Amino acid sequence: MTRVAIIGGAGYTALELIRILLRHPDVEIVAISDIQEGQPHLASIHPSLAGRLDLCLEKLSPAEVSARAECVFGCLPHGVSASIVPHLLDGNTRVVDFSADYRLNDPQVFAKWYGQEHADPDRLGKVVYGLPELFREDIPPAQLVANPGCFPTSAILPLAPLLKAGLVEPDGIIVDSKTGVSGAGRTPRLTTHYPECNESICAYNVGRHRHTPEMEQILSTAAGANVDVVFVPHLVPMDRGILTTTYSRPVGKLTEDKLMDTLIDFYAEEPFVRVVDHFPGTKDTWGSNFCDITARIVSDRVITISCLDNLVKGASGAAVQNFNLMFGYPETTAM
Amino acid sequence: MTRVAIIGGAGYTALELIRILLRHPDVEIVAISDIQEGQPHLASIHPSLAGRLDLCLEKLSPAEVSARAECVFGCLPHGVSASIVPHLLDGNTRVVDFSADYRLNDPQVFAKWYGQEHADPDRLGKVVYGLPELFREDIPPAQLVANPGCFPTSAILPLAPLLKAGLVEPDGIIVDSKTGVSGAGRTPRLTTHYPECNESICAYNVGRHRHTPEMEQILSTAAGANVDVVFVPHLVPMDRGILTTTYSRPVGKLTEDKLMDTLIDFYAEEPFVRVVDHFPGTKDTWGSNFCDITARIVSDRVITISCLDNLVKGASGAAVQNFNLMFGYPETTAM
Amino acid sequence: MTRVAIIGGAGYTALELIRILLRHPDVEIVAISDIQEGQPHLASIHPSLAGRLDLCLEKLSPAEVSARAECVFGCLPHGVSASIVPHLLDGNTRVVDFSADYRLNDPQVFAKWYGQEHADPDRLGKVVYGLPELFREDIPPAQLVANPGCFPTSAILPLAPLLKAGLVEPDGIIVDSKTGVSGAGRTPRLTTHYPECNESICAYNVGRHRHTPEMEQILSTAAGANVDVVFVPHLVPMDRGILTTTYSRPVGKLTEDKLMDTLIDFYAEEPFVRVVDHFPGTKDTWGSNFCDITARIVSDRVITISCLDNLVKGASGAAVQNFNLMFGYPETTAM
Amino acid sequence: MTRVAIIGGAGYTALELIRILLRHPDVEIVAISDIQEGQPHLASIHPSLAGRLDLCLEKLSPAEVSARAECVFGCLPHGVSASIVPHLLDGNTRVVDFSADYRLNDPQVFAKWYGQEHADPDRLGKVVYGLPELFREDIPPAQLVANPGCFPTSAILPLAPLLKAGLVEPDGIIVDSKTGVSGAGRTPRLTTHYPECNESICAYNVGRHRHTPEMEQILSTAAGANVDVVFVPHLVPMDRGILTTTYSRPVGKLTEDKLMDTLIDFYAEEPFVRVVDHFPGTKDTWGSNFCDITARIVSDRVITISCLDNLVKGASGAAVQNFNLMFGYPETTAM
């Protein structure tokens, strides 16, 4: 049995994380912290949890959290996380961090894309990127794991095997993603107000989305060469799900069989990646930790199509997968 | 050609009103006021109006509005309207008021349900309730018309003819309404945040919704007796539309033929009420000024089902219908 | 470990049932039958199950199913079920039947509402109605359990305790239900074609829905008196969820405290009924086996509001709850 | 006053066409034909038209239609249209054809993509492609106009000016489109069954969609060079709207200002194309004949984002725009 705590408990990733952890036979949730006024009961913030977990949202210091929990899931915004996590690590707690703060290796890249200096720059470059499909061996010994972004996971899983095998060119890769609205978080804004975004689709943050350098860093590692990505996310009227369509150029002559076989072989032993023949829809992965992938060649262009649930494989499911690896539980437990 | 202005131009009813008025051959929109910072162009607030109406949202005093316009459409919140409208009327402007401020006859009823003293109590009881199907003759000479609430219109249109004809008992009438989210306005709140209200239906303001006394007042007039209503609204994951199901007890022996014939006869000449045999859905009235009605008798209970577009017949379409009657245009112009 | 089979495996209730059973530590799914051509793999019918269960949809006789499984979940249409179930029972298999065939006690009531003679009339009146909250003690020894209808569960759970306690009058109870589209099944029809039912709400089968006699039968048992119900279902643009609003008359003087306390006491020990103070939304129960209930008194009318996931507590979750009771597993296993 | 008829009146494009034509002061709809059994009243097929147009769906021969109408709108499936249209033209009727049958110049290209021989091959290459923004001068004298496909319009409008000006390379253009479900027509299928496509997004017909050669043909004309397109459509859970994101390579050094200015200049006089600075959403064009366009340069890639209502500018609105040009009415009438 492992004692875990969640900091930043009022959002959607925390809710999904709790749902998953409640199914985990070896986890006890001992604390949930947030900055809500008056320490409300969890069920008053998340009514779906009524009768399932009898905890209040407490305002806790990192030291208080560390004293209670062996593992902390950090559901804090970027920028905030890097000011809290070091204190948790000092307390010998292990951390799965959902924020972007520890995903990039280079503090200058962070500063450029996030518009602020990094609060804990010396740690960058030494933190494990928690994508087990690429970095499984680094996760068990890690004290801190940077949980991947939802868009990067959806783009890296289909592209990394192709780049690694040298099947596609590393430059000019186009990543056209479509996401459900929960990815925008739980704070009400006009863009996510129901009558604004329902029955509508739009692009946003074109060329400026902060998940771009994360994709480029991990894909460059896979390619062993500099990868640059044109990333355009779109907001789709649905709760959950990301579908990512990528376009890249093949290296030399490439058949669809070779393309698919490379993906199938790469993921043959993976419990949560399904390489499929049909065109998957996000609903196929709803509520699950799967990422479904297919690929085609059209007019000398390699097209990959991948989908996942942004709150599960794109966030909380991936976090529990990492937790399982860190604490020696079977990787698929609770999923 | 009539010069009109809109006050409170940033919301959904104003947007819908402008869409309708742009189709009106005899209307010139001369001013749109709101309290936005910096007098933004209309198209920056409502992108769908780009290239269609070249106006900015100005901060205007009632006197400035009156000086420009012969008719003002007031899209202000309740409470605010009653502090502005008297000044408009002093300026000899005619007003169609969307707020609830001038719908009730009794200032004490207003105070009880709206939790505040009425700012212009002497006028109450003398303002025309702008439902042409019941009060058409009072509208042309009126300087001020109180535009009906969306839920009341959906409940009054099916029930008034039955109460007037003495077919149903006036007490214990149940009104179970289902509304799209645009009825909640354009201000982002957690309850109308997409991932909260999408894929969910809930009741709200049970027994406390402010449209209750409005229904009771108008239906009592129709019945010539005190009508009391149990009103339960529900929030449905869709942009627009209200479906209202009412349950009442028949007076004596009543056949479904008699029931339907009464409705058909009552609305025989009405351009915007359709009495239909099938069960109408809100989509049948999407974007139109129609209210579709049917009725049944089940286990000695009279059931009416009615639907309309809350932004059109429930707000801006009704307002233009009133405007047409006030200014002598054919009632269906622009609709 | 219990070997189970599912007959009628291509629909939504079967899919949800499989999802739940895959989490059950003591269940082995040994066969899934359906009448699809060519014995397709389960994953080609339900892509979300790819990699999770390696079975094909077989065309199996009742005897073949009985030979393999200790328990059969029957996900067949009404009418069909009563021609298959007797053969399963002859084979000593235990059955949880999702259809309406074994819910009513009286073959004549069945014939009246379902428009056909019952194929197995002698068994009616002797089958357990699988609502553990009312009939828990009858379920463990049963060979055949009739799994309740989704609307009846949503109406019976709030009303039965009130009728049992004599708090509300048994006649003239109004049940106004709102359901997501998955309740209509998986066969494409114009009424459930996306552009027809999206962004629209409508009533259907007013006064004629077949769940009416089921509600009346169970509620009459609870009341010890004849209960009659006016039932109006509505189709809501969402995948899942039922919200039911009921209106009844109190017996004598009744306070809201007494009303709520009666519900709270009745369900104090129930794992899947939550009596809540707020107005619950269907999303609070999404994917779970909970039914959330609240109640109010407005203008001398008792109003209950209840919600559940039609595919879980309204179908497959209830079925697993029954299965757990029948086979001696903890009632909440896999949920 | 022009007498018009519609053939294929039961679908969504016909419904939208009727809605628009009912606002046209100079149009009389004299006949609507379809192959429904029993000549049902229009309102029984399209309940939203109740009380608005008193016509039945008749089974009419081309000669009967020609005898009544000066202009016929053909809302027939591809393949069928080419067997009917020649007879209409023989009858001296003018035709706006919604099908794909007369859009391509080359019968062999048609045969390759549509899997059938063309029924009227000699006419190909002589029919006007009804996109007024590119071919306005050819439309007034035409007897037959091929109304453009919805996806092609959304891709051609942003790309044609850039290709014409030589700003982007003609090869390897990626067109990633997202469409609402009404584009799939009104025939119920599993892929457009509400619980299947709601809350999900998927790609379909990747590299095989029949609108590909149509885009390539028109864009090649604009470019004066061979254009090849990689086209991937996606199905989005919403009724209407297409958003198209294109990716192409700039020719030489290109600034965003130059890019936008080219679009702004090209469409300066167009009533229905709005070049905007923000990222437009499909809701901005809901129910209107507008196409909103913006463009960016990211990592040496030109990105255009465009959106329109697939039933209006993508079908019926464009048809009325063509009709207005053919019959000498102001181009924006009824829109």
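Chains here go by letter, A, B, C and D, matching the order in which they are written, and residues are numbered from 1 within each.
Operating definition for what follows: a residue touches a chain if its C-beta (ideal position, glycine included) is under 8 Å from a C-beta of that chain, and two chains touch if they have at least 3 such contacts.
Just so you know, these numbers come straight off a predicted model, no measurement behind them.
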item	value
Centroid-based (C-alpha) most distant chain relative to chain D	C
Higher-contact pair (C-beta pairs counted), A-C versus B-C	B-C
Cα-centroid distance, chain B relative to chain C, in whole angstrom	39
Between chain A and chain B, centroid-to-centroid distance (C-alpha), Å	46
Distance from chain C to chain A - Cα centre to Cα centre, in angstrom	36
Touching two or more other chains - residues of chain D	180, 196-199, 237-239, 280-281, 283-284, 286
Arrangement of touching chains [line / ring / star / complete / other]	complete
Chain B-facing residues of chain C, complex	172, 174, 176, 178, 180, 196-204, 206-207, 228-230, 232, 234-241, 243, 245, 247, 279-284, 286, 296, 298-301, 303, 305, 307
Chain B partner contacts - residues on chain A that touch it in the complex	12, 180-182, 186, 188-190, 192-199, 237-239
Interface residues, chain B side, partner chain D - complex	23, 47-48, 50-51, 199, 274, 276, 278, 280-281, 283-288, 290, 292
